[in-house]
Every structure is written in C-alpha cells, then in structure tokens.
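Here come two complexes built around subunit A, the first alongside subunit B, the second alongside subunit C.
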Partner chain A sequence: MPKCTIDGKEIEVKPGENLITVAKRAGVDIPVFCYHPGLTVVAQCRMCYVEVEKMPKLQTACSTMAAEGMVVKTQSDPVVKGRAGTMEFLLLNHPLDCPICDKAGECDLQDNSYGHGSAYMRHSEERRTYVDVDMGPVIEKNMNRCIHCTRCIRFGEEVAGIHEMVAIKRGNNIDITTIDGNPLKTEYAGNYADICPTGSLTLRDFRFRKRAWMLKKTATVCEGCSKGCNMEIQHEGNVIYRCVPRENLEINKHWMCDEGRFNYHYTQDPTRVLTPRSGEATIGWENAIQNLKDLTDGKKITFLVGSDLTQEELATVQEYINAYQKGSSIHHFGTDGVSESVDDGQADKILKMKSKTSNLSGAEKLGIKSISHLKTATDVVVVIRGGRADLNVALKQVQGKKLIGMGVFLEKEISTFSLVLPGLAFTEKEGTIINHAGIEQKIKRAIVPKNTVKAVSEVLMLAANKKAKEAVV
Partner chain B sequence: MEKHLSDKFYVAMKKLEPRYPNKKALILPALHQAQEEFGWLPKEALEEVAEYIGVHPAQIREVASFYTMYNLKPVGKNHLKICTNVACCLRGADELMNFAEKKLGIKCGESTSDGLFSLSEEECLGACTTAPAMMANDDYIEELDVNKLNEYIEKMKVLK
Partner chain C sequence: MSQTTLFEQHFWKESNRNLDYYLQSMNGYQAAQKVLKEMTPDQVIDEVKKGNLRGRGGAGFPMGMKWSFIPKNSEKPKYLVCNADESEPGTCKDRQIIRYTPHLLIEGLIIGSFAIGCKHAYVYIRGEYVREANLLNAAIDEAYAKGYLGKNIFGSGYDLDITVHRGAGAYICGEETGLLNSLEGKRGEPRVKPPFPAVSGAFGCPTAVNNVESIANVPHLIRMGGDTFAQLGKVDKSGGTRLISLSGHVKKPGVFEIQAGSMTLRQIIENLGGGIINDKKLKAVIPGGSSSPILTADEIDVVYDVEPLMKVGTMMGSAAIMVIHEDTDLVKLLLRITKFYAHESCGQCTPCREGCHWMESILHKIVHHEAKPSDLDLLNDVAQNIGGKTLCALGDAAAGPVISFLKKFKPEFEAYIKGQNKYA
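Take a look at the complex of A and B:
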C-alpha cells in the first residue's frame, strides 16, 4: 500500500482517498465547511488548506488525493495564515449573531473561527442583508448567516434526488434559495439543517427550544420503518428536543427522513394514555392486573402483537403464552398492506421502507405469523403494540370483541378497548430490533418513563404472579 | 412542452454539439443563442434550454444569473454596459455612469419607457488599456468621455 506523511506521521492510504479522510485516520483534524463525506467534493470554501511538499501553493485537502510519498503539513505557517485569511473572508458578511442563533454550540463556523480565525476584524463596511423566503414547515432560512458552502444544493441533488436549492447570482450578491422561492418538497428536509455548517438553515421544530450544549445525547435506532436508521435522541430534563441521524454507512449513511426525525413527538403527546384504564375510568395497577387476570385466566386468547415491539418483548409474550395461556394464538400486525416481510420494500429511492414498523423481520424470525393468517379471533383479544403499529389493521380483524390493550396509546385510539395497560415507548426502553436486511440493532433508553406505565414484561409477570398466588390459596 | 425557441436555435445547437465533450457544456452557447431570439431570457426560454440540455431548469437559472451578460429581464434596443472596475473607474467611469443616468432619466439596471435604452454596470470588460470602456449591445466603445457618450446616445436616438 502507498504511504504518505501527515504532520510527521506516516500512514497507509488507499488509492482515491482524499487528504481529509487520511488525516482523520492519522488523528489530524482539518477544518472544513463545504466538504461533507456524503456529498461530492467542490473545494469551494478553501478552509481545508494544507501544505504539500513540492507543490508551489497551498492545496485544498478535500480535493487532493493522497499519493505515495506525499509529505503533508497541516500546521505550517502558510497554512495557518491561509486558514486565517479564509476565515476573515467568510466572516465578512456573517452577522455574528451567535447569542440568538440556534446553531451556536454546534456550529462549524463558530468552531473554526475560534480555532483558526482572528479575534479581531478589519472589516468595517456595511454587511449585506437579505429578505428570506419561507422554506416550508421544516426549515427556517436565514441567508444573512450563509457562507455559500453549497452543501444544501448538493444534498438535494445527490441524496434527496430533488434539485430544489439553487445559487442565484454570484459573489457578494449570491443568494442560496429555493427554486422560485417555493417551499421545500423533499421528505428529507431535516437533513438540510444537519449539514448546514452555519445557522443559515435551522430546524423549525427545534428553534429556540434548547441550547445545543445543554442536550444529552443517546445513541439509538429509529423505529419509523423497517430500515432501522441510526439516530441520536437529544434530550434534557427527561424531555426530547430533537432527533438527529447518526452515521452508519451500511444503513442510512448520514441521513434520515423527516417522518423518522419527528416521530418521537407521539411519545410526548399530552393525550398519551399514561395510567391504566378500564373503559373510561382510570384505575390503579392492582385493579388493572386483577382485571387482566379475570378476563384472560384459563381461556384461549388471541394475542395480537405489533411488529414495532422489540425481540425481547415478543419473546416474553411467547413465553407467557406457553406457560400461562396454553393454546392461545399469537399474530403480528404493523402496516396496512405489508403483512409479511415479502411485501416490504423500498418506499422511495432513498431510505424509507414500506413497513412502518421497525421489527417486522424480528417478529417473523421468532416464528410469529402475520395477522392475515388469523381466521377467527376469540372473544377476548389482547393487543400489544409499541406505538407505531397501525391499530386499524388489528381492529378491523377483531371487531366486536373484548379488547385489552398494552403499550403506547393516545386517548383517541382507546375508545374500543375495555382495558388499557399503558406501556413504554421506544424512547423509554432497551431492546433489539432487526431491520429489513436482517441487521440486529439495539435501541437505548433515553427517557425515564412515568411511574404509572409498565413494561410488557412487568405486566405479564404481575399477571403470572397473581395467578400463582390465587392458585395456592 | 410548448416550443418557444425557433428552429434556428435547434439548428445552431446541432452544429455546435460535436464541438463539446457533453451536452452540459453547451449551456453557455445555448443561452446566448436563446438570448439572441428574445433579446433577453424569459422563464419559458430557460425551461426550454433546460429540457434541451437535459438538466433541471434550476441549474440553467443558476448559470444564467451568474453571468451578467445574460439578461433576465427585458432590455431596450440599445443595452449600454459601462465598465466600472478599477481601471475604468480611475479614468472616470463613475462620471460616465452619472451622466448616462441623468441623460436617459433612468437608474442603472433600468430601461427607458420607450424601450430604446437600457443601462447597466459591467464588471471588467478586459479593455483596461483603452479605459474607460463601454459595451453597447455587442460592440465595444473605448476611450470614452462624456462628449463621446453623449454623441453616441444622440445618434442612437435618431436611428431609433
């Protein structure tokens, strides 16, 4: 393998690798704005200057391919001066409104200015200002802060597959905007805010709600569909403020869809059922378990489990049936029109899958059959769902039956249930899910659940205990 | 899509195609050709050029708005483009611009109501040795002064 030297460290390189990638492996950080590993290289921002021996001028590390014998310096005097110069140019028109900017704390411009720029400014002319267009419900635009890295334009063209951001005019008068000022159409608009290196494109959903440095981060997996995109839940004080994608080159690369990004909202919905219900009435857990036992004891029951439950939960239900509800049937349900994983497939050309539940493959792996195989349901039906599985798919099969619900429900969804035992949402539990390609991933608990909700395993254990106790008496 | 560009455009493009490595490289000549037909580039023309090149209309608009020689709004019969870059500025381009604005009664970037003149500022025309310079439609007029500019405008007014 060819070798090159970066800041005195010798490192092996693969052909076609650029200096930023190589430097990262060598533990050398090169500041960037326009370069993004998931997008094409344009070498526009000039921030990644490095000195390469025997080359007369500074080179941009993003567009320079590493080669045998190359000697690269990233901290030499010309480089330091070059970067400071670039920073000064980039800040010419920047309003420096960090105190009221949502990006502050996670802003590349801020970080690089601190690391490589000057604390003083020679520029005293008036800054250009823009009137911003409405970019739709997801993204808020602030062109004054823009440094024209064109990451957003390239993202739309190369990843989202829709060319909707454009650079109009040039130089100082440039305006990065949407075509004819139309709102964004893509269902992946949230990524615009993620890749923007300044506060030019920010997430409306997150705006002014929390400072970036206050957020705690929990690495988990999205439960929005069977793709299993890696994401990070950012929360503080037991409240989720936003979800952002986490890099996983095998599954979602650097991106995630808006549906998955904003999916967490239902877990914090004020109408989420958080206490056990018997019909309309709120009851205590003691009574709730008693009711559950009374309704199910000694009978053959139809269990309908959402394919949004984790492997652990599904296996627990199976074990419970084997031990305490012998002869009961278990079927999974999830998305209308996708009853088995053979029906699943890409819903668009990017990430979204047709199955809107995360663990369809996992349910099948445990040998649970689809609800489409359910012939006749018993008089009492237990419906267990994580929160994403489409209740209508289950309910239309079991009309007129006595329904017991376990898991996450909103007020409007429980009108037909005689008993509801509230459970944990995907943000509140740990477990394993298997995506459409058979990749096993762990979801992590970010939020401590309310003490009035119980995990499926706990509910089933309490019910089993109750049965055992009464059997002794 | 309804055609707005004439056959002449397509004939000219056919002739140019072999000279370029790919169709995308034809954007600039195609825009020039389209501008020749209308005098400026209306939205329909941009869209038709985009369709011909096979790229999104947004990309064509980016290119057309980048270069100042493409007119994105209608211009008068005589489009005066006065260079105001360093060399011309040192030789009195600002004065010329002021004079032209007053004489035509319009601001830089506007057109006269009779549709005879348009006035705009141009970046360096590459005629620094003969500064100050101006482009009137496709012609260079160099070593300008107020008298020469006045004469030119009067001449064009008579010619209509």
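Take a look at the complex of A and C:
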C-alpha cells in the first residue's frame, strides 16, 4: 500500500483519500469549515492549509489526494500563518456574539479561532450585516454569523435532494439564503443546524433552552422508522433537549430526518399517562396488578404487541404467555399499510422507511405474526406498545373488546381502555432492535423514568408473582 | 525591424469581416480543408506544438500541450470552448479579432475541434460584447451556409457545430472553470482543480478552453507550418505574433501586433505608442493587464514576452499595457484597481471575499486621509494573506498590484498618510 508522511509520521493511504482523512488516522487534526465528509469538496474556506513538499503554494488538505511518498507538514510556519490569515478574514464580519449565540461551546468557528486565530483584531471598519429571511419552523437563520462555507447549499442539493438554499450576490455582499426567500421545504432541515459550523443556522426547537456544554450525551438509535438511524440523545437534569444524528456510514451516514429528530417530544408530553389507570381513575400499582390478574387469569387472551418494542420485551411477552396465559395469541402491529416487512420499503430517496416502527424485522424474527392474521379477538385484549406503534391499527381490529394497555400512552389515546399500565419510552430503557436490513442495534437509556411507570418485564413479573402466590394459598 | 503581422493589416475595415474577403484575401478555410482532408488529429497537435503557440489569455500555457491532455480514448463527448470573455482591464485585442476577422476564429475552432475530437464547440463571449456576439453569429451563419460548419464539412465526414454563449458581465467568468460553470448555467464560480478541464470540464466532459487570439492563430500556423510560425517568435518557447492592447498615457493608444519577443517594453511605448502624451515623464507601466505587478520607469528595458517579464517579477498576462505618466496619483489608481477586484470577487473563498474588500477599505481610508502609518504594513500583510492562498487566480490578481505598488511606490502612500500628497 502507498505511504505518505504527515508531520513525520509515516502512514498508509488508500487511493482517493484526501489529506484530512489520512491526517485524522495519523492522529493529526486539521481544522476545517467547508469540508464535510458527507458532502462534495469545494475547498472554499481555505482553513485546511498544509504544506506539501515539492508544491510551491500551500495546499488545501480537503482537495489534495494523498499519494505515495508525499511529505506533508501541518504545523510549519507558512501553514500557521495561512490559517491565522483565514481566521482573521472569517472574523472580519462575524459579530463575535458568542455569549448570546446558541452555537457557543460546539462552534467550529469558536474552536478554530481559539486554536489558530489571534486574540486581537486589526480590522476597524464597519461590519457587514444582513436582513434575515424566515426559514420555516425548524431553522432560525442569523446571516450575520455566516462564514459562507456553503455546507448548507451542498447538503440540500446532494443529500436532501432539494435545491432550496443558494448563494446570491457576490464578493463581499454574498448572501446565503433560500430561493426567493421561501421557507425550507425539506423534511431533513434539522441537519442544516448540525452541519452549520457557526451559529448561523440553529434549531428553533433547541435554541436558548440549554447551553451546549451542559448537555450529557447518550448514544442510541432512533425509533422513528425501520431505518434505525444512529443518534445521540442530549439531555440534562433528566430532561431531553435535543437529538442529533451519529455517524454510521452503513445506515444513516451523517444525517437524520426531522420526524426522527423531534420524535422524542412525546416522551416528555405533559399529557403522557404516568400512573396506572382504571377507566378514568388513577390507581396504585398494587390494585393495577390485581386488576390485570382478575381480567386475564386463566383465560385465553389476544395479545397485541407494537413492533416498536425491543426484542427483549417481545420475548418476555412470549415467555409470559407460554408460562401463564397458555393458548393466548400474539400479533404485532405498527404502521397502517405496512403489516409485514415485505410491505416495508423506502418512503423517500433519502432515509425514511414506510414502517414507522423500529423493530418490525425483530418481531418477525421472533415468529410473531402480523395483526392482519388475527381472525377474531378474545373478549379481553392486551395492547402493549412502546409509544410509536399506531394504536388505530390495533384498535380497529378489536372494537368493543375490553382493552388493557401497557406501555406509553397519551391521555387522548386511552379513552377506550379499561386498564392502563404505564411503561417505559425508548429513551428510558435499554434493548435490542433490528432494522429493515437485519442490522441489530442497541438502544440506550438516557433518562431515568418516573417511579410511577414500570417496564413490561416488571409488570409481567408482578402479575406472574401474584398468580403464583394465590395459587399457593 | 520591420514586423511580420498576421492580423493587424485586416483590422479597421468593416467589409473585411465578410466571408468573401476572408476567402479571397486571407486564404480562408484552406487550412481547415487541409487539416480535415490530409491530417490526423495527432499531426495537428504536433504541428501546434512545433509552432510554440502559447495561450494568449494570460497564463501563456503551450497550446499544443493543452490539447494533448484531452484523453483520446474517453467515451464522453469532448468540448472546445473559446474564451472570449476578455475581461482583464486594459485588454481589447479579442474584440478586434471578432470584429474584423471572425472567420479566422471560426476556422481555428474547426481545426482545434478536429484536433481534440470535439463535435460541438462553444464561444463564451462577454456580455458587454453585444455587437461582437451579433457579428460572430452572422459569420457563423455564413459558414454554415457554405457548409464550413454543420455535417460532413468539406466532404471529410467530420461534423461540427458552434454555439455562441453570451456571459452576463462577470470578470470571474474569464477564469476557465468559472467560465465552464457559467456556460453550464451555474453560478460563475471557479472550480477546485484538479480535476482540470482536460479531464472534467464542460458538462463533466474533457474540455479544452482557449483564448480567442490563441485559436485565431491556429489557421495561420497550419498554413505556414509550425516551424515557420515558431520562427516568427524572437525568444525561446514563444512562436507567432502577439496582439498588444496599449492604453493609458501614450500618444497613440490601440491594438498593435508584434512578433513575439521582438521588442522591449520601452520600444513598444515609444515606437508603437508614439511616446508619452504631452511629452510628460513616464512614471510606471502595468505590463499585462491590471492584475500584473507594476513596473517603474527604470524597469521597462525588458523584452516584452512571457519569460523575460517573469524574470523581473511581473507577467505578460493578456498583453494589455497600461502606461502611466508622472502626474498620475498611484494611490488612487491602486484604490480603483482594488475596487474592481473587490467588486468582481465571486465570494466563494474566504481570503478573496473578505480580503479584497478589506484592502479596498484600507485604501479608501488612505485616500481620505483617515489612515494610520501602521495601515501600510497592514495592507501589505492582508495582500500577502490573499496572494497564493485563494481557490483561483483572482486572489493573486488582486494581491499582486497592492504588493507591487507598496513595494515600488511606498513614499506616495506615506505622503498621503502624512497629508502631504502632491495630487490632492
């Protein structure tokens, strides 16, 4: 394999790799703004200068392919001066409003300024200012902070498949905006905020709610559809503030859709049912388990499980049925129109899948059949769902039956239920899910659940215990 | 020395632009016929290489070499694009060619297209050249009517179409990759190189981009043979003649033709330009378009060609000489030049977008007596941070004049700061 030398370290290179990738592997950090591994290379920001032996000028590492025998210096005097020059240029018109900017703490411009810029400013002219356009419900724009890296323009064209952000005017007056000032249309708009290297594009949903450095980060997987995009839940004080995509080149690359990004909100909805209910009345867990036993003991029951449950939860329900509810049936439900994984497929050309639950493949792997195979339901039906599976799909099959709900529900969803046993949302539990392509992934607990809700396994264990105790007596 | 000229004698008479004149008085389309019927593309390229024909647009790159970079076995279509954007301030030679000898350009395009295997050539003409675009289109129509363009040219089985595409008036679209973006209907912004246009140019296909004068020289070169063409040049590596746009404080400004490397800058100014206007003293010369570093009056005994000018730290560029006499305020001149580059910066890369405007602001302060002494070092440093650091050559074009003016005429800037400038 060809080798090149970066800051004295010899490292193997693959054909077509640029110097940023190679340097990263060698443990050498090259500062960038416009470069993004998921987008085309434009070499516009001029931050990633390196010195390459035998080349007269400084080269941009993003657009220079590593080659056999190349000797690269990333810390030489010309490089340091070049980067300082670029930093100075970028800050000429930047408002330097970090104290009130939401990006502070996770801002490339701020970080690189500390790393490569000067603490003093030689520019004393008036700064360039812009009038901002309304970017729609997801993104808030502050053009004054923009450094014209064009990541957003390229993201729209190359990833989201929509040409909606553009550069207009030129030179010092260049403006990065939407076509005709229209609001963003893409369903992937949140990514604009992720890739913006400054506070120019920020998430309306997140801004001014929490400083970036206070957030704790839990690496998990989105439950929004059967794609299984890797994401990070960012939270503090047991409250989720936002979700951002994590890189997984096999599944979601660097991106996620807005539906998945904002999906977590229902888990913090003030109308989420957090205490056991019998009809309209709030009851204690002791009574709730008793009610469950009374309604189900010794009967054959129709169990409907959401394909948004984890493998562990689904297997527990299966084991419980085998041990305590012999002869009961179990069927999965999830998305209207997608009863089995053969019905699943890409919902758009980017990431979204038709199945709006995360574990359809997993449920099938455990041998659970779709609700479309359910002929007649028993008088009592147990519906267990994680929070994402479409209740209507289940309810229209079991109209007029006595319903027991387990899992995550909102107030407006439980009017037809006789008994509700509140459970854990995907942010509050650990488990395994299998995506549409058969890739097994783990979801991780980010939030400590309220002590009035119980995991499916715990509820079933309590019910089993009760049955066992009474049998002994 | 009497000069052999290829173009000049045909200028300034409107009827010369007609096909009849071209056929009768300029052996029109004979070179193209010879090439299409008797030569292979490789022979054409070799002949051009032999003729030492170098690009007339600014960089002076050997044209045969450029054509030989076009991959022969590529399955993609290949394009020849003629750069008629002529946007470097001071340059007006391509306009002459299009106005008076448009068929020379068309014949050159036929030969060049044949050499690189192109079936559709484009002429990207600057938006301001409305009349010239019309003239060129009229000439192309004449050529189509005679069967010199279109299908099966001269019965050789070779097809070629030419499209004239008008720009919208941006300096940066004279940069070859900016031009290609503009031709494709995109924003006129230069592209990252590599890939070079020879590999991935117009519409992602192999493309040669050549200046009007370069292409118009090709029929001459083929007619007289590469060796004879090379001998017209009086310095190594430069064949043929050069059209020079002489402007500024000379008695007789205009477009002149000399054999490449046959005269010094001083001879050009004195013999062709008739000396300095009002017999003033010469102060400085900008030798190759506004982006070339300035020369002082003592530095002009230099042979006017690519390499000799490079040796004295400037460049021949598009061969646009601007002559400046003693009463000229160079600080204001530099402000004007810098303002041009700040205005024409496309804005995609950082040093040029921010730096050119900053240089303009500093110069503005100097001219308006608001600057501090330290601003001169600052101005120089900003220019150094732009020069050699941008994505395309516009950054260098903007930084070059600033650095050279400051180096050679610093006292004038200092006088401004002290409030003692004599031109106020």
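Keep in mind that, in the parts below, the second predicted complex is superposed on the first by the 473 of 473 C-alpha atoms of A that agree within 3 Å, B and C clash if a C-alpha of one lies under 4 Å from a C-alpha of the other, contacts with A are read in each partner's own complex, and residues count from 1 in each chain.
The definition used in the following text is that a residue touches a chain if its C-beta (ideal position, glycine included) is under 8 Å from a C-beta of that chain, and two chains touch if they have at least 3 such contacts.
Remember, predicted model here, so these are calculated numbers, not experimental data.
Enquirer: Answer with clash or fit: subunit B and subunit C placed together on subunit A by superposition.
Expert: clash
Enquirer: Could you say whether A:Gly85 touches subunit B, subunit C, both of them, or neither, answering first, second, both or neither?
Expert: A:Gly85 sits against subunit C, while subunit B stays out of touch.
Enquirer: Report for A:Leu295: first if it touches subunit B alone, second if subunit C alone, otherwise both or neither.
Expert: A:Leu295: touches no partner chain.
Enquirer: Is A:His163 in contact with subunit B, with subunit C, with both, or with neither (first, second, both, neither)?
Expert: Only subunit B is touched by A:His163; subunit C is not.
Enquirer: In the superposed arrangement, does subunit B or subunit C reach more residues of subunit A?
Expert: C
Enquirer: Between subunit B (first) and subunit C (second), which does A:Ile179 come into contact with in this model arrangement: first, second, both, or neither?
Expert: In the superposition, A:Ile179 contacts subunit B only.
Enquirer: Under the stated touch criterion, which partner chain does A:Lys57 make contact with: subunit B (first), subunit C (second), both, or neither?
Expert: In the superposition, A:Lys57 touches subunit C alone.
Enquirer: Among the options 330-338, 348-356 or 366-374, identify the stretch of subunit C whose C-alpha atoms clash with subunit B after superposing on A.
Expert: Only one listed stretch clashes with subunit B, namely 330-338.
Enquirer: For subunit A, which residues lie in the overlap of the subunit B contacts and the subunit C contacts?
Expert: Shared contact residues on subunit A: 167, 169-170.
Enquirer: Per the contact definition, I'd like the list of subunit B residues that touch subunit A in the complex.
Expert: The touching residues are 56-59, 61-62, 65-66.
Enquirer: Show me the residue ranges of subunit A that touch subunit C in the complex, using the header's touch definition.
Expert: These residues of subunit A touch subunit C: 41-47, 49, 57-58, 63, 81-82, 85-86, 88-90, 92-93, 122-123, 125, 147-148, 150, 167, 169-174.
Enquirer: Within the complex, which stretch of subunit C touches subunit A?
Expert: Contact set of subunit C toward subunit A: 170, 187, 192, 342-351, 353-358, 361, 378, 384-385, 388-391.
Enquirer: Mind pulling up the subunit A residues that touch subunit B in the complex?
Expert: Those in contact with subunit B are residues 163-164, 166-170, 179.
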